[in-house]
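First comes the structure, then the notes that go with it.
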């Protein structure tokens, strides 16, 4: 279970790091949407390994193929099926950990849950799985663009290096201009060289990805359990290595008084606006028309090049020594994944919002 | 939509703050479970308003009635229907804000989404809705107890007052011994008097609720989208006033190196354990048998007794002056709600884990 | 599980024949719909026992109460919670079959599935459960009326007494004018006296309910698994005692040639129509704008006043002798239930059809 | 929507008759199941076009590929992704009906629903879609075999040619020994030559597929909306060209008295059995351990080689003349599809039945 996401704009994914291929079905994409394959390809490139010196050097071409649901360049309303074949699998790389549980990986929990696992790497728990999310997310983004909604993520922290400015004071256009995807050029440089050091020390480090969604009309979301913020939180927490999610004032808001935190309403022309936006664009689980923004915390990548204590399937103590080609820090490649998951949530609620009306 | 939660242990709730009553249907509770009404009543008491000087003085009896699904003290496997009638509604209290949008409440977003709302207060967005969650959660807790799983939440922060000790160094037995529900007696005193000041200043403040789940067997949870941590995050973010969620090392983990953060495996008898638990008991979205722990951030209560700028439905600037009886800080009453939602998630995954096996 | 129905217009029900009460939550009813309680009450009356000499003489008042989701006579978009308390339970009537499995009832299967059951009658499997469906269905019908869609069921067969005329040649206005709910007055008389004989012989008999839905716009329904006809079939087959469902030409269509069965298209003004309607208004699982019509087969009521061979929970042979007050034939009271379930399906697809569009 | 089926053993399909390919994701197959590709291939062969003189002569190789979820011949518990590429599409065959609505096809309804359609044939509404169901159903059958449950369908009627014997008096082993898949050799011959005449007359005819499921333990199924019979009905009614479903006594049962229709209980060793099985193995929506049997009615294939009246997208009257290669009668190829859908329903309920227990 758990391989589908969304209600009306619903995706189901499959595939492991070392199987023949991965894929996704998008069920519920409205008919008539222009499907720009170049755009999808570009999104895939942003997630792809080997894109810079601070990401894994593993080569994966991430070539996708659309098998259904698109006719003469437009969605037909029927499910869009996409496949991404695995090419460079290098299974031999993994032989040495076949029966060992890599610390803070999913080896042990998968073994406990399923009693069997593809020992040639992370299998289904590998970040490779996110390629299907990005492919589907690209189509969700095309749908959002059609409705004037944009979503933009960026790296706001790596280890202790933290952007202090709020997103309003940043030039988000700069984000894609550097390999770390931080909109502040100076900070970007610092982060890059820091990650480079980490990489040389054969270790890894964590980071934070921030995200801003603009152009969301008021009234998107549901009350009670399926609050827009709850669904966004679930979407982000479903990404590999994520340990935390906060939106609007987040954990900092805890320290504020109600009198500071409340967002006063005023009118701008015929539009109701708020003077501040500690609510992060969501009140009572429903969008209020202001920007939606949130932060996602990523732990340090579990695969390190340093020997570690562990046990094997027989329960014997063993040493796990890192091999293969891995990311010293996951955040640069996580940026498009955060956008993809955010776009999937918004696309879903956008469709829902149009149904339950007289 | 959005008024149901869970897959196999599934609840659906209804009810507003000023309607005739609220209720919940629990669909999927296994047959034969002893339903201890006293236990449920006690859980309701923990959430109930007017329980101490630092909560709202509003009187709500929260008397529930089980209408179905229980026969001779045991669950029958058919849906358990419960209702909680509204008694002390004091609708007149709300007349003065009938057409005004209270800042950082859901008045405006509900109006935008539905074009109509019960102006006699929060309606469906009122924390009153959580009484149904606690009633259902109590039954989920009884199911977890049957399987040896316990869940305990406590207040770890109010404003700037923060418990620095990890839960392992606290005596969680102390939690219910004070009205703020903080297991550290000294800190509890500080928090209580701080909230009392806040109350006198007619303002409100936020806080953090921490939660620990013990006795979870390895293998609970699903990969990819329905990770155990993702579902826990959604559950917590669906609670009124929540702005953030983190589990295990959370946002702090971002600063660590992989070599520090990874949880080394070792064996204790025939059990596989981890030396540290930065993973928070969950790896790859699946429980590993260690304690699950997480934190939930609550913003300051939006209803304050101080005049605020706002607009009305006509878009005219108005002043909203707080009336009625409200909480200066939500966390003491949020503790049982956090436990209830956590228990619902665990109960659901517990049942799922028993299905998908040969 | 299995106590909810629908996707966007979704109901969840609870309650047993001998518990304190039954109820339903309607989640997804659009805001602003006028909720006419008189109309709902009237629908409940049509299902109610004791309404005529050919139905059970059991007295159940079927008084419902709306607890939420309606404000000043209109739906608010939040869940509509309704309860129906049980009054005349006469539990003692059932003592004699406490540990016996009544033939062709659900006693044995419930015992096998749950290991426990409310032996005071059918419990959850009692037709009493359908009162909640009718209450929810009445609101679905109000929604359909808002969109110009009408649904009308009638009795077309009792035992061998069968209406040969197609619905187009019947005056459906006559349906509610007789206690059997057959639109042909002569046939109605025959059916009534036949059922009366059956009743006197302490036996029961089956029947068929036919249903016509008019005013459905083209384009409602989904391809593949959730075809409109598949969902209608599931809805009908979920009603107690139903053994079969067919739509359009149904089982008779099997004997036809494609050249006879195909419905030729032509245009009437700017509307595309079909010359015949063997398709029953549905092609490829999607409505084509013609009338939707179908038939539902009900088996004879299982409770008879004649002694029957059976076994008890200990596996000993026993004799089950019918007591209590039961229906000699279920179809007159099934008419509003068939309409209710049909209305729920249409309401759901109506909302879905408005979501998945650009 | 509507391209997924099942709850715990859940499939999602995609693909059109003239796209690049089709596929299915099976989410929820328990880990450790032996996946016999030869068995799957054989099931696909049974559905495949061109298998005999009485089916379409269209050549489709129906070669499938398993891309994920299987490791070293066994299921891993992660989603099983399968693709079937389209080879012989012959798009040119369809140019002549590009803008015409073929009578009793889904051309018009898809156009109305989506505003766009793949005019190169049936697209998503083509029976080609069922290849993915059969592939997934084969794996469901392997799961059922593991639990000792068998499912067998056969042709019981073609036009007026009807098998009068109940399944108990037939040698179902004979079913696959003839090209019509009727277990009665004499009747099989008659049916084959009748279909051959129909084919020569360039027309088509309908038929009935019967199905028997043996070895189902008591207690499978859910009460109320998700009754086992309701889900089976939905599954069958979701198959192209199906117009009716009945189980057990079905529409004939309507004519019986309760005293004839009730299935008396008795004990056989420690097993509770019924003397008759008018219930069709299901009581109150839950299996009682007796054989489950049902019938599915298929209308005559809509594509005939005879000219027909219709309209085009512009609303002008046109003549549709059949071209291409189609089936004169769908039932021989429908047999494996009915089994596949039945197996999917049983597999799902089998898993559910193991979850909701203490």
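In this document, chain identifiers A, B, C and D correspond to the written order of the chains, with residue numbering beginning at 1 in each.
Keep this in mind: a residue touches a chain if its C-beta (ideal position, glycine included) is under 8 Å from a C-beta of that chain, and two chains touch if they have at least 3 such contacts.
The UniProt protein names, listed by chain, are A, B, C, D = Chorismate synthase.
Note that the structure is a prediction, hence the values are computed from the model and not measured.
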Contact-graph distance - origin chain B, target chain D: 1
Contact-richer chain pair (by C-beta pairs counted) among A-D and A-B: A-B
Length of the line joining the C-alpha centres of chain A and chain C, rounded to whole Å: 46
Distance between chain centroids, defined by C-alpha means - chain A, chain B (Å): 26
Distance between the centres, which are taken as Cα means, of chain D and chain A, whole angstrom: 39
Per-residue multi-chain contacts in chain D, two or more chains: 1-4, 7-8, 13, 28, 31-32, 77-78, 113, 124, 223, 352, 356
Residues on chain A engaged by chain D in the complex (per definition of touch): 1-4, 8, 10, 12-16, 19-23, 25, 27-28, 31-32, 65-69, 71, 74, 76-81, 83, 85, 113-118, 123-124
Contact set on chain B toward chain D in their complex: 7-8, 28-33, 77-78, 146, 223, 351-352, 354-358
Residues of chain A touching chain B in the complex: 1-5, 7, 13, 101, 103-106, 108-110, 112-113, 124-125, 129, 157, 159-160, 198, 203-208, 218-227, 229-238, 240, 242-251, 253-267, 270, 272, 274-275, 278-280, 282-289, 297-304, 306, 308-311, 315-317, 352-353, 356
